[in-house]
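To keep things simple, chains are lettered A, B, C and D as they appear, and every chain counts its residues starting from 1.
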Amino acid sequence: EEFTIGLSNGWVGSEWRTQMIAEAEEAAKAWADKGVTVTTQVQSANVDVPGQIAHVRNFISQGVDAIIINPNSPTAFDPVFAEAADAGILVIATDAEVSSPDAIYVGIDQKGWAEMSARWLAETLEGKGTVVAINGVAGHPANEMRVAGYQEVFGEFPDIEIVNEVNGNWDQAQGQQAMQNILATYPDIDGVWVQDGMAAGAWRAMQDAGRDDIYATGEIRKDFIDIWSENKLKSGASVNPPGVMASALNVAVNMLQGKKLKEPATAGVYGNALYLPIPFISDENLSEASQALEGQPGYTSFTSELSIGDATALFE
Amino acid sequence: MSGALKPILIAAGLVVLLMIAGEMVSPGFASPEQILRLSIVAALLGIVAAGQNLVILGGREGIDLSVGGVISLAALVAGNVMSGSDAGLFPAILACIAVGSLIGLLNGLGVTLLRIPPLVMTLGMLGVVQGLLVVARNGIPSGRAAPMLSDFVSQPQWLGLPGILWLWLLIGLAMAGLLNRTVFGQRIFSIGANEGAARLAGVPTRVTRTLLYVLSGVFSAIAGLCILGYSGSSFANVGGQYMLASIIAVVLGGTPLSGGRGGYTGTMIGALLLVVLQGLLTTLSIDESGRQIIFGSALIVLLLFYGRSSGLRG
Amino acid sequence: MPHLTMTDMHKAYGATKALTSGRIELFPGELHVIMGANGSGKSTLCKILAGSVKPDGGTITLDGRPVDIPDPKAARELGVSIFYQELSLSKNRTVAENILARDLPTRAGLVDRKAVMAQAAQVFAPFRDVASDGFSMAARVGDLRPDQRQLVEIAKTFAGNADIFIFDEPTSALDRAQTEAFFKELDRRKAAGAVIVFISHRMEEVFEIGDRVTVIRDGETVSSAPLAETTRDRIVAEMVGGDSGASVFADPPEAPAPGKVRLELRGVSSRRLRDVSLSLHAGEVLGLGGLHGQGQSDLLRALFGLEQTTGEVMLDGAPIALPSPRRAIRGGFGYISGDRQTDGAISGRSIFENVVPIHLFKSRQHILRRGTLTAEVDRVLQILATRHGGTGLPISSLSGGNQQKVIISRWLMDETQVLLLDDPTKGIDLKTKLELFALIRSLADKGLAILLYTSEDAELLANSDRILVFNNGRIVRELAGDDRTRLMLTSAAFEAA
Amino acid sequence: MTHRSLLRTMPPYLPVLIILICMFALNGLAEPNSLSAYAIKGLVSTYLALMFLAVGQTIVIFAADIDLSVGAILGLVNVTVVSLMQALGDTPGAILLSMLLAVGVGAACGALNGVLVVILRLQAIVATFATSVLFLGLALWVMPVAGTPAPRLFWRTFGGRIMGIPFAYFVLAALLVLIFLLARSRFIQRLLTVGDDQLAAFQTGLPVTSIRVRGYIMCGVFAAFAGLCITGDTASGDPNVGGLITLNSVAAAVLGGAALSGGVGTLFGSVLGALVIGLVGSLVFFLGTPSEWQNLVQGLTVLAALMVGILFSGRARA
């Protein structure tokens, strides 16, 4: 059997995305062992929504069998995904959910992701204290789902108060600057809920200020995990693995083979999601995470993916 | 002199005013430590803005939109060369300056030899550098900052101030000296004011202008190095936020985009003003939409103080 | 009753009082000349009338009614049309579009291109025969020669309905034939009852066509009289406010004892030059004559490294290459152009900064020693009696003439061997011209070799030791000794044409 | 006819037209399907927004101004029109009214830019950057999170066909007619005169201030049209949708032969420039560039195209 799968990535501003593509390409090669030839076509560039719509249309012109996309918008692709479906192409979104009925989502539940780390923080603080949140890009759906997630969890704890929520645009340095300003004006906070790479920045600001009494969520790059282990930080991090696209690819190949999901993808706000498990790194399993990343470059993220076997097991 | 001093005084007054406002809204905002930390962030911006300032002073619509790309590339290269060890610091500095001056040189040659408008040339170069970053990140692992570099940026060193603030001060003095006390400085102003006449008066216009872009590249590279020290490790797109911020800092400091007029002292205060304003907005507990609306409006109000071009009717 | 009067007009730019008490009365059907030294406020007075400068005070009455002129559009509606000294052309637009810029003809709401061409051609008709080569209604104004641009600005002034025409130095780049065509059109308009205001520094023109003259000195109207009742000397006296002194229009100088050959050209050609050979001696002022734009400026620019040439250039007997202005300056050349705004003034910067660059370049300094330099700057500015309020002030605070003095001062700080003067007195008043030519002569006496081009024949005749007459990029005649007469110059200029 | 005068009489958009044709040819060689009816229609409907935006940007560039807020205006219009349609219902009348109001929003944004840059005389680059922050804030206020869907009727029409012809082609045709008329309007001619030499235009008696302000308003209106196109192609609201498009609009204008110093260029050239910018990404992909090199090759291609355009038109003008 031979399948061609188009991979579209609309933002190249982070190492996580690079790793995402690389792992997906690896996963495609691994199918050779099963006697299936999976060819990937990759479009990966900094584009806006129209630019990424063009990615999809290019794939349609090329006549690929499936498209896996890390989308720049949740809803903007409805029309173009409909075009793809008309052309008989399977569309799978990953990392951010899409509203299109013509696509399914294979990835983590961003809201659950935030809930997990928020719960860790709330429980570590024993259910009371003041916290701040440093968020990604305002208006971005993944960000807003995460915000909903932590707000819901903190809402369950009456003695936890969110004193401020700021946006660091998923930029490490902006996260660091935001944390710096927060520390100056809210010197008595107990916890920080912060996302992704900005966590490294926030932790750095706390260390610079000598504040090792604050609990904060962490992130999953080797650089950070090393610092975490070395300095015994009080942190916990839920994992959005860059392997999500590889997982999506493994699911896609199964679907292209004509198999049916045992449980159809109906989760999520749009009712088309297949959620993957979300690993969590805390002091308990920190050393395992360290080991998994041993010898990798500093920007490598802790990852996990559905293996071919795992994926196949989801199908009838 | 008093004419040149006015915008600087306005900017300085506004900084003080914002600090006071900040202290009232969120107590602790004007604490000495916070002032120090804001100054560090301002220094990072200020160093980028030094190069931007020179390019703008040189006139002919001078502007450098590639600074963000250069910062990111320099931070990547430097992090990789030093990879967390003090021994690698010096080679890293050299590597970074080489990268910055090379990109600056290409910008300069495009602008002077091919006569590409600076906005277009440096915008195109930004696209190229961003592409280069993706390639480079696949090829070379990004590394960590040397401890010495991190301490230089964020730990109090001499007289309670971190090294970066001394460096910024030094750059301030050097820029003032360069602009007011050297022949090169004279040449910058003269090509900014009237390139054709300057050329007839023996100014090597192309060489001078090319050097301005080289210097801008070098300043961005130095800033990239410092930002690496600030954040500890290099990461993709570290420099993105500096492109327009550096231009705004220059304009808030009283150097008009038309060139031939202005200086760096004002730009330093402009950088401080911008950072204090952003810091103040961060500490306000409001929606992001509110922050953006206030930030945009505040910038408009600030710009009303300066940078107004003259009317047509004398 | 006068058609229009301006009384007690005043205007200050910061500390500079451009106009303190401007007054003028314009009668229908007259050609009214305004004369005054550089910076006396002529242009300011005219621009106020045209609405492009806002006066600080004063009254304007039209047919006895006081009027307000808030902008050029309003002036136009009152029937005032102006030719700007610095021109008001858009260089990327065509000649036709410029002439009709104010009011492009439309059809069905869209610009009617055919009508634009036709109407513009009609307005330009009186000058069609003198516009010469490379000129068409569809040409881009930026591609035209300075004299052609002045013709376009003239046509633009005449386009549309107006009955007061102001011409602020309209002939400064025109040759004789062009000037005559222009004067003929002025006569026609005058006969039709229009008022014409005319500014020129060329005394002959003024007496040739003027009816009445108003003299302005230091921003103040000092006299107004019919030209028939006044004399050249009286006007000059009123302009300078003292005795009239010597005249630029004196007889040709005695031929000096020729020094050694300093500059020699053999077969120099370029885009506009054809096989130019000449030799220039130390201590000599060599004039370049002929009709406008026959290669005189091109030769000077080529010698200053601004144009590519073939052929041989020898300085003091040794061949030299002149690939750039910097090389030319190092070689001992100096260049002064009458086109101050583009070639001279480093606008927006101080007087000091406008004087020092040549010295800084030649002395290969890198550090600016302000103290020592300031003394030097003061010294050279004094040689020309430059009037200024401090060397730290921007050069734009000076009048045109004084700006030119500052630019000339550049070349006086260090030794220069060959001075290239490219219409250096364009738009400069009589008194300043006198000082300037005296300086040029004294520089020649010190051994400098000088190449002089000026668009005024009288000036050329009065100040050159020899004159080379140019036509179409070639030297067609050399005039020396008693041949240096107006008649010979004119006939030489026209004979090959 | 000599070499120089030939260069001078050629239409200013010739270089970009040649570049565009070459890109189409290369694209077709690498992937024949990229010239299929489907692909062409896709290209047009994807980049209609950029074409409108580039035309708007060119209008202000004609007057030697610049507008760095066009992307933010587009985003604001996108979320406004989607919110309005949601509020007013999805009847044809309500949709048309929403569109009209959204164009009004664009015009108002343009007017604010005009007031700041022209009347209050702020420097265009920094002032329009400041307003872009403001407009983004407003967009976030109107729609805090991306996602509200546009009515089906609206995007089905935009993405559908009328008499067998894709609707996008009608929009493109309307754009071309519009710029044909604009290019011959007195307004654009005056804008060019103002951009050529502002002082000269003022002294000539043109109402410089009002011409420039109207230029900004017109730019805002075109940004609003672009916002409507993007809404049609994406069927939803997203406050961040205008992220990269601003700088692309400037690049498209320059590619199309407009000089940032004002007074030179054609609206048609900018439309072609927008297509070139749009095609570069596809071309780089279809030529089989490895993913990590795509950005670099794309950056180099855009830079080269910009240089070629400027060198050609610069030569012709010199």
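Definition applied: contacts are C-beta pairs under 8 Å (C-beta built on N, C-alpha and C of every residue); 3 or more make two chains touch, one makes a residue touch a chain.
These numbers come from a predicted model, not from an experiment.
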| item | value |
| --- | --- |
| Set of chains whose contacts include both chain C and chain B | D |
| Result of counting contacting C-beta pairs for C-D and B-D, higher pair | B-D |
| Relative to chain D, chain with the most remote C-alpha centre | C |
| Euclidean distance of C-alpha centroids - chain B vs chain D, Å | 30 |
| Gap in Å, rounded to a whole number, between the CA centres of chain D and chain C | 45 |
| Rounded Å distance, chain A centre to chain B centre (Cα mean) | 33 |
| Residues of chain D touching at least two other chains | 139-140, 144, 199, 202, 292, 294-295, 298 |
| Chain C residues counted as touching two or more neighbouring chains | 52, 71 |
| Numbers and ranges of chain B residues touching at least 2 other chains | 130, 134, 138, 288-289, 291-292, 312-313 |
| Chain pairs in mutual contact under the definition given at the outset | A-B, A-D, B-C, B-D, C-D |
| Contacting residues of chain D [partner chain C, same complex] | 8, 181, 184-186, 189, 192-193, 196-197, 199-207, 263-264, 317 |
| Interface residues, chain D side, partner chain B - complex | 116, 120-123, 125-127, 129-141, 144, 198-199, 202, 208, 247, 250-251, 254, 259-261, 292-300, 302-303, 306-307, 310-311, 314 |
| Residue ranges of chain B touching chain A (in the complex, touch as defined) | 26-29, 31, 33-34, 37-38, 41, 130, 134, 137-138, 141-144, 154-155, 227, 230-233, 235-238, 240-241, 278-279, 282-283, 285, 288-289, 291-292 |
| Residues of chain D defined as touching chain A within the complex | 31, 33-34, 36, 38-39, 42-43, 46-47, 49-50, 139-140, 143-149, 155, 159, 230, 233-245, 248, 278, 281-282, 285-286, 290-292, 294-295, 298 |
| Complex interface listing, chain C residues touching chain D | 50-52, 71-73, 75-76, 82, 84, 87-93, 97, 101-102, 104, 106, 109-111, 113, 140, 142-143, 156 |
